[in-house]
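Next, two complexes with chain A in common: one pairs it with chain B, the other with chain C.
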Partner chain A sequence: MSLKHRLSAVNWLPIAAATLVACILLSLLSSSFMSYTNLQSVLVQASVTAIMAIGMTFIIVTAGIDISVGAILFFTSSLFAKLMMDTGSYALAFACALLCATVLGALNGVLIIKYKITPLITTLATYTMYRGMAIHLTGAQNIPVPREMGFLGNGKLLSIPVPILLLAVVLAVGLYLFNATRFGLYARAIGNSAQSARESNLPVNKVTVFAYALGGITTGIAALILLARVGGLQSGIGIGIEFTVIAAVVLGGTKLSGGDGTIVGSVIGAIFLVLIDNGLNLMNASPYVYDIVKGSVLLIAVVIDKVSVTRQQQHLLNQRAARIRATG
Partner chain B sequence: MFIKQPIASLSVSGLAKAFSGKTVVRDVSFSLYPGEIVALVGENGAGKSTTKNMLCGLLPPSEGEIQVAGQTVSVVDGKQHGIGAVHQELSLFSSLSVAQNICISDLPGKPGRIDWPACRQIAEQQLAQLGVDVDVNQRVENLGAGKQQIVEIAKALLHASKVLILDEPTTSLTAPERERLFTLMRRLKKQGVAIIFISHFMDEIYQMSDKFICLRDGRQVGSGNIADTPRRELEEMMVGRTLDEAKVTLTPPSSEQAVLVERLSSHYFHDISFSIRRGEVLGIAGLMGAGRTEVAETLFGLRPFEGRLLVYGEQMIKPSVRQMKQRGVCYLTEDRRRNGLFGVRSVKENLSAAKLSRFVQRRVKGMGFRGEASQAQEWVEQLNISVPSIDEAVSSLSGGNQQKVLLGRWLATQPRVCILDEPTKGVDISAKFEIHKKIAALAASGVAVLLVSSDLPELLDLSHRILVMRTGHIVGEFAREDFDAVEIISLAASSAFEKQRA
Partner chain C sequence: MKHLLYRVRQLLSLAVLCCVSALANADAIKLGLSVDQLFESRVGVLNAIKSEAQKQGFEIIEVVADGDPQAQNSQIQSLVTQKVDAILVCAVDQNTIERALLGAKRKGIPIVAFDRALPDSRAVDAFVGPDSITDGYLAGQYTAQQLAQIDGNIQVLELLGALNDQNGIDRSKGFNDAIAELPNVEVIAMPTDWDSARALAATQNAFQANPDIKAVFAATDTHIPSVETVLYDIAKLHPVGSDQHVVVTGVNGSNDGYQATLRGNADGIVVMDLHTTGVTAVQLASALINGESVELNNVIPGNFYTTSNIEANKANIWGAQ
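Our next item is the complex of A and B:
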C-alpha cells in the first residue's frame, strides 16, 4: 500500500496536527500552559464531551445522528440526584441512571429503524421529551449530591484524576468495539450503504439500535462525572452539549455522511475544543465570542470535508470523461 | 468410458414473477450445467433484472420451480446453495478494506473478536484463485473500477461455488480490464463454475458464451447454443416484430433549422453534433448509460457543456433552464416521479407548474390565480386524461395519465423545441398510442422534437431520423428510408472497444 493511502487511512491525523499547533500557540501565549497541572486540567475538562463523543462516533458512523444526548445527560443526572436524595443508595442510583441512559439512547435507535424517520427529527423530538421528563421528575428543583460524589469528578486515583481514568477506560472499550468486533465493522458498512448491508444479510437493525444504546451509556457515564464536578443538579445541565459533542466527532475526522470514522479523532476533537476555550480565556476574550469561534471552527471543518468529497467526485467524473474520449 | 449426463447446477421451469398482480416475467425455463456460460439477453426492460433477482434469491418467484443440484427449493439461498451474483451497481463498502469487503458476510473468528489475519488470508486466497494481485489492506475506494469489479467477484465467489451470475460486468471497464475479466471467467469455467452472463454487448456474448436465453417483454422467447445461432437471428429475436398498432402518419419537416449542436462535450459524452429542423422528429437510440439523457438534459440547460448550441439561430452560452424555457425549449424527464411531477399536489397545479406566471392575477399584485382551473380542465380534455377531478393528487393516477399530465404541463408553454426523454416509459398501450399521436401532431405543427427512447419500435415509428449513441459518442445515423431495427440495435450494442463499423 502506498504511503499516501497509508496516511489517508489515519483519518485523525489532521485534528492531531491542529491540536499540536493549538498547543504551541497556547504555550507562546502563556508560559504556564505547558505545565503538568494545566495539561491535566485540560484533559479533565475535555473528559465529559470526549466520553460522549466516543459513543456519538458509533452513531455518526452508521450515517445517523443523536441530538438528544444533552437531554439524556440531563435526565440521567436528574434521576441520579433524585434517587440519591430519596433513597441514599449509591448502588440503586448508579444502576438506574446508567440503565436509563442506555434505554433512552436505544429508544432513539428503535424509533429510527422502526418508523424510518430521519435521525435528526426523531432525536429532536426525543430531546424535548427527555428534557421534559427530567424536569417533571424533579419538579425543576436544584438537588445537591453527597460530598463523596466529588471523587468521581475531582478525585484522584494513583495521582491521576478519576475523569481521565474513566475516559481512558471508555476509549479502550470504544477502540476495541470499533476495530475488533463485528459490530464495529457492520456499523461502518451500514454507514457506507444501508442497502448493500441489507443485501449482504447484515443485522442492520440490531447494529443501529446498539450504536444508539452505546451513545446512551456513554452519555450516562459522562452525566455522572459532570454531576460530580458541578456538585449537584442544576437546571442548565446539558444545554448545548450536543453541539460540542458532534463538533468534536466531526472535527476528529468522522464523516457526517457515515461509513468512515475514528474514535481517537473524536477524543482529540474534544480536547481541541477545550483548547479553543483556553485560548480565548487567555486572551481575555468576551464570553460572547466563544460561540462565534466554535461555530466557525465547526463550519470550516465541515466545508473542508465537503470540498474534499466534491473534489473526489470531480476526479471520478474526469476519469470517466477521459475514458469516453479514449473510446472515440 | 461411460459418461453420465451431469446433474444441472441450477435448473428452473416455468419461472414467473408478478408484482401486485402484474406479471413482469413468465415462462422462464432452462438448465445450467457445471462449466457452462449462459448468456441472458434481451432489450432494456425485457425482464433480465427480475429474472436475475429470482435466481440469486433477492426475489421469491411467484410461480415455477427451481432446482439446485437436483433438489427442489422454493427460494434460492445464495450462501447455502452456492449461488452468487455480481450486480450491475457494485455493492461494495467503499471505506472498508478489500479484505473486510470480501469476508463481511462470513467473518472468521468470534463476533466479539474478528480474526483479522484469517480474514486477510481468506481474501488473499480468493484473489489468488482469480489470479489477480490486489492489496487486501487497501480501501476499496482507492481501487479503479476494474479492480473493484474483481473484488466484487471474489466476494461473490466466497459462496458461489456452483453458480455465478454476472450482470453487465463490463460496462465500467477499460479494454485491458475486460480482457482480464474474460480470462477469469474462462478459469472459473474450467473449475466447473456455471456462469450466467448478462450483457448488452453482442460481441462479448459471442466471444464468451456457450448457450443463450433470450427474453422479450418479460417472456422467454428463445434459447439454444450460441454456436448454432447467427448473430442476426439472435438480434431479431431480441427486437421482435414491431407492435401491431395503427401507425402514426408523419409529415415531412420544413427546411428551417431549429436546433444546431456542434461538438458538444461534457463528462458524459464527447463530440456530439447534430441539427433538428422545424417539424422534424429526431430519435436517439442507445443503451442505458450511453449518455442520451445527459445530452437531453444539457440541451435544456441543466448541465454544463463545451461546444456550440444554437436555438433558432441564437447561440446559447452557459444557458440556464429559464433562458431555454424563454426560447421555447421544453424537456420531459425520463423519471417523472422523481424529477417531474409534484406527487402530492393536484393535477391542476401539476398542469400549470411550468407556466404559472400566466395565471397570476394583476389586480392585487401577485395574489391569487385566475384561469388556472379552466386551463387545466381544457388540457385534461384535450389529452384525454382520465381523472375524477382536476383537484385529485397526481400520484393517485395511473402511469399513463401521469405522463399525460407531465406532457400537458410542457405543451401548455407552447414550446418550439420539445425534448422528450422516454415519453412512454411505464405507460399502458392505449396511452402510449395517444402520446405517439400527440408527438406526431406536435411535429406537424412545426415543433422540433428530440425523442430519446429505449423502445426501438417507438423510435422507428415516430422519427424522421435516428441517431445511435454508444458510450458517449454518436456512432451512427439513419434516415427514415434506411431504418433497420437489427442494424440499429447491433450498432448500439457493439462493445465500445470494437472498431466502429462502416
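Our next item is the complex of A and C:
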C-alpha cells in the first residue's frame, strides 16, 4: 500500500490537519494565540469535552449514541455538591458521584439491550429523567463547592494543570481499551454488525452495557472537573454539552453508523471545537458572529471528512474491481 | 331492609360530599403557571407567586417546559383545557407560544407575563419583571465612576447572557449606555449563553489577549466565581481598595455574587427583587380576573449593593437567605 493510501486510512488525520491549519491561521491573526499559557488554557478548556468524548467514542463505535450524558453530568455534579454540603466527606462524595455516573450510563445500555429500543429514544427518555432527578435533588438551587475542590479544575501537579493530567490518564486508558483489548475489538465488531457479532457468539450485551458504563464514568470524571472549574453547581450545567461531545467524536473520525472510530481523533475533535471559541475570543470578535463561524467551520470539517471517507471507499472499491478483473 | 336503607343513606351522603367538594373546587380561582425552566432565581419568583396565591386562596396548576418552547406551547393549551382563570407565563420563546397564548385570549383567559417581557405579543395583558436596562445601567455607572481617573484606553470585559434573552440584552444595553459616558473605554463583549463554564473560558481568553482589562461586568453574578478563578490564576485577584484591583460587578442577587462582594473580590451586585415580582404577578392576575384595568408594563428595578453595604442589606438579597 502506498504512503498516500496508508495515510488516508488514518481516520483522525483530517481533523488533525484541520486543527493544524486553524492553529496557523489563529497564530497569524492573534499574537497571543501561540503563547504557552494560551495553549495550556485551550487544553484545560477542552479537557471536559475531550474526556466525555473518549467515553462517547466507545458508545458510537457500537452503533449507539447517548444523548443523556449532559443530564448524567448534571446529576453527578448535583449529587457531589449535595453530599459535600451535607456530609463534608470528599471520599463519600467522590465515590457516590462516580458510582452513580457509571450506573446511570450502564442503565442506558441495559434498557437498550433488554427492550431493544433505539439508543436515541432510550437516552432521550433517560435525559429527561436524569435532569428531573437532579433538579429534584437540589431544588434547582446553586450549591457552592469547597474552595480546595478548585485544585481539581484549576490546580497544577508538577507544573501541569490537573485537568490535562486527568485527560492524559483517561486517554491512556481509553487507547488501551480501544486498541489492545478484546472489549475494543468486540465493540467495533458490534458496530459493524450486531447480528454477525451475535452469530459469532460475541458477548454483545455485556460489551454494549460496558460501553455505556464507560460513557457514564467518563462523564462523571468530567462533571467533577467542571464543577471544580466553575466553583459550584448551577442548574444550567451540562445543558447542550452532549451535542458538543458528539460533534467532537464525529469530527474526530468516528462513524456515526458505528464499527470504526478513533480515540485520538475524538480528543483532537474536542480541542478543535475549543480552538474556534478561543480564536474568536482572542480576536475580540463580535458576539453575534460566534455561531456563524462555529457552524460554518463544523460544516466545512464535516464535508471534508465526508469527501475523504468517500474517496477512501472509492479506492477500496477500485482495488476490489481490479482484483476481480485480474482473476477473471 | 333497614340495612339497605342505611347503605343507601351512606352512598347519598358520600355523593353529596363529593358534589360539595367539587363545587368548592370549581369556585376556587385557578391560576395556570407556565414556567420556562427551573433554576435558582426562577424558583425564587415561583415561591413568591405560590405564597401570594395561597394567601389569596387561589389554586395553582404549575407546568415546567424545561427550556423546550414546543413543550411550553402544548402546556399552555393544556392549561386552557383545564379552564384556568388566568395564566402566568415566563416564556422560553415568544414566537412559539404566541398561538397558544392567543388561543387562551380567545377563551377570555387573562395572561400575565413575568420576568421575561413579551413586547410583541398581542395576547399578553400585563408584564411584571425586572427593569433590566436600569439594572445594567447601575452596574455600568458604578464601573464608570471607578475608572474615571484612569487616562488612556481602558478595556472592560462584558460577559453577556444569552443573545436571544431580552433580560440579557437589556442588561448589556444599560451597562453600555452608562459606560459610554467615559470616552476612553473599549468594551470587549463575550457571549456566555448563561453558562459558567463558557464564562470561565471567555474570561481566560479575554485576559490572555488583553492583559490590561480594568473591569469585568457579568450579566449574571453567578459568573463571578469564574471571574475570581481567572483573576486568582493570573495573580490579579486584589480586593476592593487595592491599586491593582480589577472592578467586578454583576446583576442578579445570587449567593455567588453576595459572597464574592462580601469577600471584597467583587465591587457590587445589582439585586433583583424576586419577591415583589412574584407577588405583583398574582395581584395583576387577580385584578384582571375581576375585570379591573391594570398597567401593561410593571418593571421593578433592582438595588445596587457594594462591599460597603452588602452585609447590612443581607435580608434584601434573595440568594443570601
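One rule holds for everything that comes next: the second predicted complex is superposed on the first by the 278 of 328 C-alpha atoms of A that agree within 3 Å, B and C clash if a C-alpha of one lies under 4 Å from a C-alpha of the other, contacts with A are read in each partner's own complex, and residues count from 1 in each chain.
Just so it is clear, a residue touches a chain if its C-beta (ideal position, glycine included) is under 8 Å from a C-beta of that chain, and two chains touch if they have at least 3 such contacts.
Predicted model only: the values in this text are computed from it and were never measured.
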First (chain B), second (chain C), both or neither touched by A:D260: first
First (chain B), second (chain C), both or neither touched by A:R182: first
Touched partner set for A:I246, first chain B, second chain C, both or neither: neither
Touching partner for A:S193 - first (chain B), second (chain C), both, neither: first
Partner chain in contact with A:L202 - chain B first, chain C second, else both or neither: first
List of chain A residues in touch with chain C within their complex: 30, 32, 35, 37-38, 41, 45, 48, 128, 131, 135, 139-142, 144, 150, 153-154, 226, 229-232, 234-237, 239, 274, 277-278, 281-284, 286-288, 290
In the complex, chain C residues that touch chain A: 37-40, 42-43, 66-67, 160, 163, 188-191, 194-202, 204-206, 208-210, 222, 225-226, 228-229, 232-233, 254-256, 259, 319
Residues on chain A engaged by chain B in the complex (per definition of touch): 1, 5, 9, 180-183, 185-186, 188-189, 191-193, 195-197, 199-202, 255, 259-260, 317-318, 320-321, 323-328
Residues of chain B touching chain A in the complex: 58, 79, 91-96, 100, 104-105, 107, 111-114, 116, 135, 137-139, 142, 174, 265-271, 291, 471-473, 496-497
